[in-house]
């Protein structure tokens, strides 16, 4: 892959960014989702509206935030609203088109775990937890997931269901009355998975150049099926790569600046 | 709060996200939950949205608040103390009732306090206002005391009679930031990962920099953050 | 809205207070309710607090909101469409469920709109934000269009994608005031009492000043309020 | 009365103002309550916190507002909060010591009508309505009522119960779980009524100089009982009268200023 002139993370982020169209309103998680959304906004989709769960609405950060609470997000936002409002009026109110999530584990129906590995009461690994993810997964008109793919993260059975995808599939989500459409696309470092009609099961619909269907299946903890036709996704264009690398470089430089607090007296 | 957990000061944690933002885990929190060190920690875990509703209910003196339902995640169904199904009395629609959170004390850091004791919050305020108004007692630390708050009439202000005590603590948000005063110390968040990963290194750091310092200002000076 | 009622444009009124502030009654409202002139008016009446909860529920896409109970006033028990008793699923405490209000269109006047269509509200905002976010469609009139809103990050702003249409209407709050632009025309509120008290005087005034004017600005000029 | 050097309205307002102590937090209605509260704040109780139902918190108007939405209230307030917040967090949240109300009708148990005279569906007089009064009466730790007294306003039977006092008396309010203590004092242009222990019935506890118990009973639509000892309230002191008249004079002057709006173009 290195020979291709870009890394797996880079093509994943570029591919995720390409899913976002013009004026969409996105509720953004930190990390890979944040990089993808800001890349899109700074390149092909300048009208993209980004909302972070800290309450920064229509924010236009120059550098990627390390936390949802970064002042960069507040200073470049149209407005900053209190937490109850961003979840009640914006997210639950049905005013978010796309929710962009990551997670530690995903199952074949797009349900997500970001809470624990192992048993909740006696966990092997205690993860940071759900944060805003449960309600993003419930209320956003559609959800995009960005995750690095391996048998440890794409699992047969979640240790804990933090956020609902299609539940047990076969239309259960729709019947249960969850307002949003659920995870429409899962973008990984191998390609893209999408839910099959009727069954709601995630199937492989696209791969990156030089990735085989078998490689993706080997990196999946359940018997992953491929769609009848698996597309090959375009490699990142040089301007996309340049924009992404510049974004990361700006971010690194900004975050390396030492902090000095002037105390009175 | 990773420090309070690691020092065994916390019996229970009501929270909706417990990580080191942009870095990874809070290792003292992990150690307490995974290995009960130094003492077991009871988790009262909710999602951000549930927490927002719980504080809003607390601030409104209501025993519970309402969200759109039904509750289907493992988190929502983990304990019936936090989340219960509720049916809309008008439409029959499936809703979620979230029990109120009413802290004994809410401690928060803000930008300014004026002579009357009104406190100004500015920037990303999260649920600070609701957490304060849900509490029986509010303690505020502020960057500065001023004659008159430099704030628009629609600013977020906690009025004086809701506040029990105010301390002027410049740099009190560190290692986080105070909007309009100083930025977030991202390097320290990274460093904390190493410090907190190891029990002995953590204890030594706490002894030197928290227990061994007279106040917040001396700690900041000792760490070379403040001048 | 006394004008809309007096002209027979309103079939129903959802409200929590229907008077002429500082003066007394709204005579067209009284005439419609007491004498069904010019047409009968259906009243959907709530208290301010119920209205606030109803708009908040609407803005949150909930079918109802919650208040402390029990409902004991004649207003609360007038109609089971608006208020119903509810028991807290955690404590059993008597609560009040208030049905959501979700307007087809919310029309509001604000200070500024920027090039993207973000709208700034400043001053006493009441439930304007909630009424806007509860509506299927929002139409805003503003005092001025600006390049960039002159607002703090914590200001009350309705973001552009929630707004269907914006019209620049200077003086659009008259006879009320627009914070930072012009004061309330108290004399007109007094004058309105006399104008609206009499059906014929009211109709003549409406014909001359509303139906007979091309736009809001011409009306203000004709009335000698604007120059 | 004119010979006394003050009007009935003046002694009523001054008496109402005197009920308010130092740091109390008051939720204020427009009209007589607003005049009384501001007189108190501008004279003996500068620490009084006034909240108007429009959301102006700790406001210090120089002149009396005509409406709860007056810009004078916003410009002199510590902060202005949205309507849902002032009712939920402040009033329902139990952070208001005194609610100050007026009404068109009151009954012997302090229940109030500000909605209609006559039947609700076919009213003789449609009044403006309850506004914030129902919840002020419910939630404020205690309620003060200021009303001009006559057999038309102090009635045997309300046409409509807009705001709850002691319901049917005899402890019914307390048993029903309403959070606040109810109307502790009713200040009229004759004197003061207070609820009797046990029965909760309003009885006459004080009169102005030169007012007799019989005069008050004649102005009441139910058989008003007098307390065992009826106090005589002190006449307004000259500095109280001067402050009240100056407040009204400032108010009249401010409200008479003509409004001119400058239109562009």
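We call the chains A, B, C and D, going by the order they appear; numbering starts again at 1 in every chain.
What we mean here is this: a contact is a pair of C-beta atoms (placed from the backbone, for glycine too) under 8 Å apart; a residue touches a chain by one contact, two chains touch by 3 or more.
Here the structure is a predicted model, which is why all the values come from computation and not from measurement.
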Shared chain contacts [chain A and chain B, defined touch]: C
Winner on C-beta contact pairs when A-C is weighed against C-D: C-D
Chain centre separation (chain A, chain C; CA means) in Å: 40
Whole-Å separation of chain centres (CA-atom averages), chain C against chain D: 26
Intercentroid distance (Cα basis), chain C paired with chain B, Å: 37
Euclidean distance of C-alpha centroids - chain A vs chain D, Å: 56
Per-residue overlap in chain A, given as positions that touch at least 2 other chains: 74, 80, 88, 92, 179
In chain B, residues with contacts to at least two other chains: 56, 60-62, 67-68, 123, 125, 130, 151, 153-156, 179
Interchain pairs in contact, sorted by label: A-B, A-C, B-C, B-D, C-D
Of chain B, residues touching chain D in the complex: 56, 59-62, 116, 118, 130, 133, 149, 151, 153-157, 159-162
Residue ranges of chain D in contact with chain B within the complex: 23, 25, 49, 57-58, 74-75, 77-80, 88-89, 92-95, 179
Contact set on chain A toward chain B in their complex: 30, 53-56, 65-71, 73-74, 80, 82-84, 87-88, 91-92, 115, 120, 122-135, 138-139, 160-164, 167, 176-179, 255-264
List of chain B residues in touch with chain A within their complex: 15-19, 21-23, 25-26, 29-30, 33-34, 45, 47-49, 51-53, 55-56, 67-70, 72-76, 78, 94, 123-127, 129-130, 156, 170-171, 174, 176-177, 179, 181-189, 217, 220-221, 225-227
Residue numbers on chain C that touch chain B, as the complex places them: 60-68, 81, 84-86, 88-91, 93, 95, 97, 99, 122-123, 125, 151-156, 179
